[in-house]
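Take a look at the structures listed below.
Look at the two complexes coming up: chain A is in both, with chain B in one and chain C in the other.
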Partner chain A sequence: MSLTAVILSLLLSPLLLSVINRSKALLAGRRGAPMLQPYFDLVRLLKKGVVYSNVSAGLVQLAPVCNLAALMLCTLLVPLGPLPALIHFQGDFILLAYLMGLGRFVTMLGALDTGSSFEGMGASREAFFAALAEPAFFLAMAGLAKMTGSQSLTGMLQTISMDHWQHNAPSLLLILVALFLVFLAENARIPVDDPTTHLELTMIHEVMILDHSGPDLAMIEYGVALKIWLMAAIAASILVPSGTNPLWLALFLVLMAVIGVLVGLVESSMARLRLIRVPQLLIGAGVFAGLALFLEFVQ
Partner chain B sequence: MSPLLWLIFLPLAGGLIAVIDGRSRTRSALWAQAGLFGCLVAACRPVFFVLSTGTPLVLHLPWSMAEGNFQLMLDPLSAFFLLPVVILGPLFALYGAPYMRHYSDGGYRHGVHWFFYNLLAVGMILVLLARNGLLFMLAWEVMSLAPFFLVLFHDREKKARFAAWVYLVAGHLGGVLLLLFFLLLGTSGHSLDFSTFQPLSLSPAFRHLLFGLAFVGFGVKAGILPVHVWLPEAHPAAPSHVSAYMSGVMIKMGIYGILRAVLLLGGPVYSWGMILVVTGVVSGILGVLFALAQHDLKRLLAYHSVENIGIILLGLGVGMIGISQGRPLVAVFGLAGGLLHVLNHSLFKGMLFLGAGSIQHQCATLEIDELGGLKRRMPKTAFCFLVGSAAICGLPPLNGFISEFLIYSGAVHGQTILSAATVWPLLLTLAGLALIGGLAAACFVKAYGIIFLGSPRSSHAEDAGETGASMYLPMGLLAVACIGIGLAAPLFLQLVRKPVGVFLPTFVTLLPFADAAYQLRIISLVGAGVILLGLGFALLRALLLRNRPIRREATWGCGYQYPNAARMQYTASSFARPITLFFDAILRSRVTGNVPEGLVPTRIGVETDTPDPLTRFCFTPLFVGISGFLGLLRWMQHGRVQLYILYIVTTLFLLLAALAEGWL
Partner chain C sequence: MIEGAVTVRHKESVSLQDIPCLPFHTFQAALSTGLAAGLFLAALPKLYGRTGKKEVLAVLRHDQRRRLYLLRTEMPQQWRSLAKEFPQVASFERELAEESGCTLQGHPQPSPLRYLPQTGTATDDVGRYIGSHDFLRAEGEEMHEVAVGPVHAGIIEPGHFRFLCYGEMVFHLEISLGFQHRGIEAALRGRVPDRRMLMLMETLSGDTTIGHSLAHCQALEALAGITVPDRAMDIRAIALELERIANHVGDLGAMAMDVGYAPTASFCGRLRGAFLNITAMLCGNRYGRGIVLPGGVGHDLDDERIGTMVDQIKTHFADVTEAATLLWNTPSVMARFEETGTLTRKQAKDLGLVGPAARACGKEMDNRVDFPTGSYRRHRLPVSVWFTGDVYGRALVRWLEIKRSVAFVLARLQDLPTWEEQTPFCRLPADQCIVSLVEGWRGSICHVVVTGNDGEIGAYKVVDPSVHNWPGLALAVRGEGIMDFPICNKSFNLSYCGHDL
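Entry: the complex of A and B
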């Protein structure tokens, strides 16, 4: 039942956002929005009309559909713990990274389409940080490939067993840290970007989508949920033992929630970094992944 | 007449008639096009035959010159590199004819221009066919000299004269190394015919030296860092169809040369692959960084050629490492990726240069910060440019991703099976390619976003309109090719099957090619899925919005009253600034103007400018030093003919005396 993974991703991804928000709310002593709030938001946005900038030349319309199409196809490539991905082949993580890259490319163009200097600012930052995050992601994947001998996401993530944790624990931990940092950067979370900030000048992702509205914004928000879900799923799948035991699926879902709480903890306990510090964080992620590879080769 | 001779004869004849009939601007262009289209037709059968069967076509003619025969051969490697030469030559000429209409006053010599354009094609074809060292060098000279005159088309501009000069010097310094390479390699056999070379009789150290000569010599033409300095000068100065032909096709002859040299030297060894990977990473990363810092669109594109040559080198380097380590899968993926990227880059880079030409034609400037809002004014050009931009960033579902995927995949596979001592170039490839991809995306978001989106930043852009069909149709064809290769990748993989077979026995390439075809089939399907799903969402949105208000409002400006003022938009320089600032140790941008200071800054205006650091800090001091040193000898040169004759007579006398004394 390989379609299960796709359906689960499509259905549950907004829930991860509410786990993050709820944990942030609880840590701040608030009750927080209902768990289904992201779904309500999507429905509400889908029911609205739209406003386009009168400078726009059409990329504002292209960006949400193209971005969502790319991210939806990513759900075909990512396994969820014990559930294999619908499509897996040698090198599929390269396609995954570049599909996400396509989504980012059109989103940045959509931002520039409005001629707003704030959105240009956001696109510029997004472009820079993404470029620095890519090598870290690829080195982390190379580390997993070296460890497992497979080069597909499903192959890599489902081969990792207790055996690997016994022999390669330092490498695996380093890879997890690298992936978590890339995850925070790519999904515009603290300490790289603050999704709840009020000031356009300091935003990255949020400012790029300032001029999107209605169904367009719904598509973008759903894309955000899919992306954070998929990248969290890669990290969680590393921790889930291989095998088709249904218990592992439950463990996987628990781990996803743990990642959500972890993000909430990070966001509640620290402020975002100054923008000139962010490159250091991402290069640090690359160094962690490189170190993991180094450890594997000297073993 | 042999089909191979037709390939040379037809474009040459077209060029000659063009110069004879040079008075008429339109007719000379037509003659040149006719010659190139004739060449395309003549090339179809032999190229298809060689690429499908792998059997080379050979032509031997007696030659009265010393050192061997007039030998031509079309083997799969030559045939593959011939593809862009014969297909894009006529296509760019088709674009060039209306482009050149702009330069119609009497000072411009169109016949001569088209003659040299066709001569460039002839030179490249002959370089690919030649199988004799002397013939190869002759062809190489023809190919190197023709662009000099093409760049000089705008010879009333100082910039063009300087660019042509830099190009000439660079090309010939490279040529000297190549001449040495062939002469030294010729000592292994008894002639300069390629077939008589016996590389394996040479000592390994000598072969390394020969490879070094060929790599640097061909590298100058290919535009590998640090010998790339002619590219950012020559490409912007030339007319756009010429830049497209040079950047898309001619620099690939350098890549062909490196591959041919490796074959002539008896196949790759590990250290050569390593050198290719290291120079590839350096060219790729620095190329894209320099590109990010540019304000002139054509200069930006020229630096992206350096970057893409780097990617090609990465692929070929991975392939050579695979061959030398006996790993067919790594070898096939690397070589196939590198070769396909040659073809892909010629398509999208050619198209982007044509797009730059159209912008120059309609807006009379290529200064990115003077443009803006062109998508509304030139929608067809904008669409093609968008496809090209996405393709050059290696994004699916376009062709750039196909070749980059193969390179990545080869490197990832290789790093799981190679030993710890030999694996580092592959890891470097992985990390380097990822960084290059991310930075390239930044650069093309900047280029496309600032030029085509937003509001116009000057009256040039404000008043621009779409070009004629004869200028956007060639671009459209190239855009279709970029999409087509992305969606039918396994089919186009077949093109490189035989060329890769030149390096490896066929039976070991079968399995890797089957693997690659399988992976590419899925990628093409996913690519088609992206397009279909995107269309589906667009349809869904249209349905949802059917009876709802769609309003046009001013862009959100955080409450500022005039948010749409063109001057308030982000500029190309500001977009790239975080990156260029981060890498300032390498780029050394010059910042001039009034940087805001104090609590209430008054006059503010900042300009940044990034001349090529290598030219600035390395080559200019070097050549100034050389010219200063040679200036010391200037006392011998004062323009009096009598004294010059005295020099000649003295030299002759000394030589005769030396001969008589038996010193020589």
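Entry: the complex of A and C
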């Protein structure tokens, strides 16, 4: 039973990317790629050879594996709506945050290892923005923990019920907004980053993986899908009641699709922020989450 | 009036012997006087004299008086640079030094403009190649260099950009071009104008096909004394404006794309194609090849086609209006456009910027008004000017020009004069010199033609607007975030092959 969450995460995560891409395409008046395109891409990349720079010290080869391993471990910790996570213990959200941090850290090391000035620039931006996103994430988690009295992700997310929505709606909404902003920043989406741009000078995440190819790139792309899925799952789980009713699982999946469409809407309705404005957005997310925590304390 | 200069009107041919060959110091004094008086250096071509003497012609334009001043001198061994006083001559001097082998004295950036390769090699005649010079350097904590290109991520032309950055901020950008050099000017020398020469002109810079072929044909017609019928003139103007509309629409979309604003990017991408297709109704080619010929136009329009064109332009213009309105009404887009890549009016004047980039800084300069020919003599187009000089200004000027060009094209299409027989092109007179100016969508296009003693091309100089504007881009990104370079670059949208020739 518990493994279901892990298997669902591993199988369905690329589909969420598809939902985002399809909604963007439809909003731009295009038909869009097939829904299974991310899977096709992964298969295509897995079949290809790999090219390594001969000036790298080998970290560039290590990065995709470590990153993917860290993110796959994360799937063990995140509950999917009514499905509890395989492993849950007090303070597991800290492990989750730093597993994702580890994935980011090795990706940055791999980027620096290539010796390209673009990739160093991307790594520097990623490090800066991640440092600002992290407190927002922890404040949001702390707010949830205070509200529910639980310190594990599964405990927190499955305790939230209609009762909480009746009494703690403002905090919950603030936490959702904060998590959504962190979600956009962590996953390199507009308005923080543009995942579809070809302009290296403007990229944050994409520029760090310019020198990866073949199966390595497939691992990174799959990691991207997993990360989006997991972070969206946390937000969606807040909204879904717990219990064994299969309807709740269906509701969870619908909510995941809604988040995908929401991301597509955001990306189709606004431009990217200027790089120097991104910290303000992330600090804003931190303020929202902090306010939620404050409300929980005064209540 | 400048001492030693010959004053001509636009497209007025003058015998080369009538332009006095000044001693170098007199020439430079005259040039300085002109530039200090606010004149614009349109071209500084090297002449290929019959006797093997190397000579230089300077073409200065006086926009208010609508006159051109021509100065001639013998090429010295050492060229004392005026670039520090008058930055607009910098690129011309670099080009001249490279073509004639003279050395530049006191030039702030003496590296060659293009590194003209010898036949079959990648190096020029002294073994230099693109990027072989020492780029400017800056050292210190947090200083780093970013080298971009010549191979780029998008489907664009090759060019090398070297950024000196302090963290995310650009201190300086050095642009190194020349990868697209094809030797067009050299290929024209000694030839008699023919269909093949016209094709070279049409492919000089693919997106300015009509602009460059029009400048070429204007020069030949004026030299040969051919009058082009009114109807042909109107069709040419329609073609030129359609080229402007298509490119400006494409640019608005590309600028939206660069800030990650999907709706306008998708709409304009399609609409640019729609306007290219309307150009194809004129001549069967989306980029307008074969429409402008010496003596007139290659194809006439019938009433049915005019009707279809008018309908389509109206439909697509409504869509462009919608896409552009989205752009102006989206705060996140405006936050990226406004106060990004700002140039002042003085900088635009000093650097000698042209086209929408100059007009966005408040510099009123438009060949369609300053040096009008054909249709533009009878129908005045307002000059679209803005004052902010930033990316927003360059986008807005493009939008204003789209609106005014659409109105112009619709008016011309519905009021075409009757067809008259076109005079076929014959021979060029010997030893004449002429300057032809056209306002292409990117800015002022200048062709200087000097004929030899048999009526062949003695020297042919093409000055694409990009030559004037590349230094403007380098200045615009100073102090900006390096992340804003692509949007600044797109707001100029300069040609590589037009520059490299």
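We adopt the following convention: the second predicted complex is superposed on the first by the 299 of 299 C-alpha atoms of A that agree within 3 Å, B and C clash if a C-alpha of one lies under 4 Å from a C-alpha of the other, contacts with A are read in each partner's own complex, and residues count from 1 in each chain.
Here is the rule we go by: a contact is a pair of C-beta atoms (placed from the backbone, for glycine too) under 8 Å apart; a residue touches a chain by one contact, two chains touch by 3 or more.
In this text the structure is predicted, and so the values were computed from the model without any measurement.
In the superposed model, B is the one of chain B and chain C that contacts more residues of chain A.
Legend: residue contacts after superposition of the two complexes on their common chain; A:Ile190 is shown touching chain C, with no touch to chain B.
Of the two partner chains placed by the overlay, only chain C lies in contact with A:Thr202; chain B stays clear of it.
By the document's definition of touching, of the two partners only chain B reaches A:Lys146; chain C does not. Applying the stated contact rule after C-alpha superposition, one finds that A:Leu27 touches chain C and leaves chain B untouched.
By the touch criterion defined above, A:Leu275 lies against chain B and chain C together after alignment on the C-alpha atoms of chain A.
With both structures placed on the common chain, the touch criterion links A:Gly101 to chain B but leaves chain C unconnected. Contacts of A:Met121 after superposition on the shared chain: both chain B and chain C are touched.
When the two structures are aligned on the shared chain, A:Leu265 is found in touch with neither chain B nor chain C.
Overlaid on A, the two complexes show chain B and chain C touching the same residues of chain A, namely 117-118, 120-121, 125, 200, 275.
Of all residues in chain A, only 46, 48-55, 57-59, 61, 64-66, 68-70, 72-73, 76, 87, 89-92, 94-95, 97-99, 101-102, 104-105, 108-109, 111-121, 123-125, 127-128, 130-135, 137-139, 141-142, 145-146, 149, 151, 200, 210-211, 214-216, 219, 275, 279, 286, 290, 293, 297-298 touch chain B in the complex they form. Against chain A, the residues of chain B that register as touching in their complex are 372-373, 375-376, 382, 386, 390, 393-396, 401, 405, 408-409, 412-413, 415-416, 420, 423, 427, 430-435, 437-439, 441-442, 444-446, 448-450, 452-455, 515, 518-519, 522-523, 526, 529-531, 533-538, 540-541, 544-545, 548-558, 563-564, 566, 568-570, 574-579, 582. Of all the residues in chain C, the ones that touch chain A in their complex are 144-148, 153-154, 168, 256, 258-263, 265-267, 330, 332-333, 335-336, 340, 481-486.
Listed in rising order, the residues of chain A touching chain C in the complex are 24, 27-30, 117-118, 120-121, 125, 190-191, 194, 196-202, 267-277.
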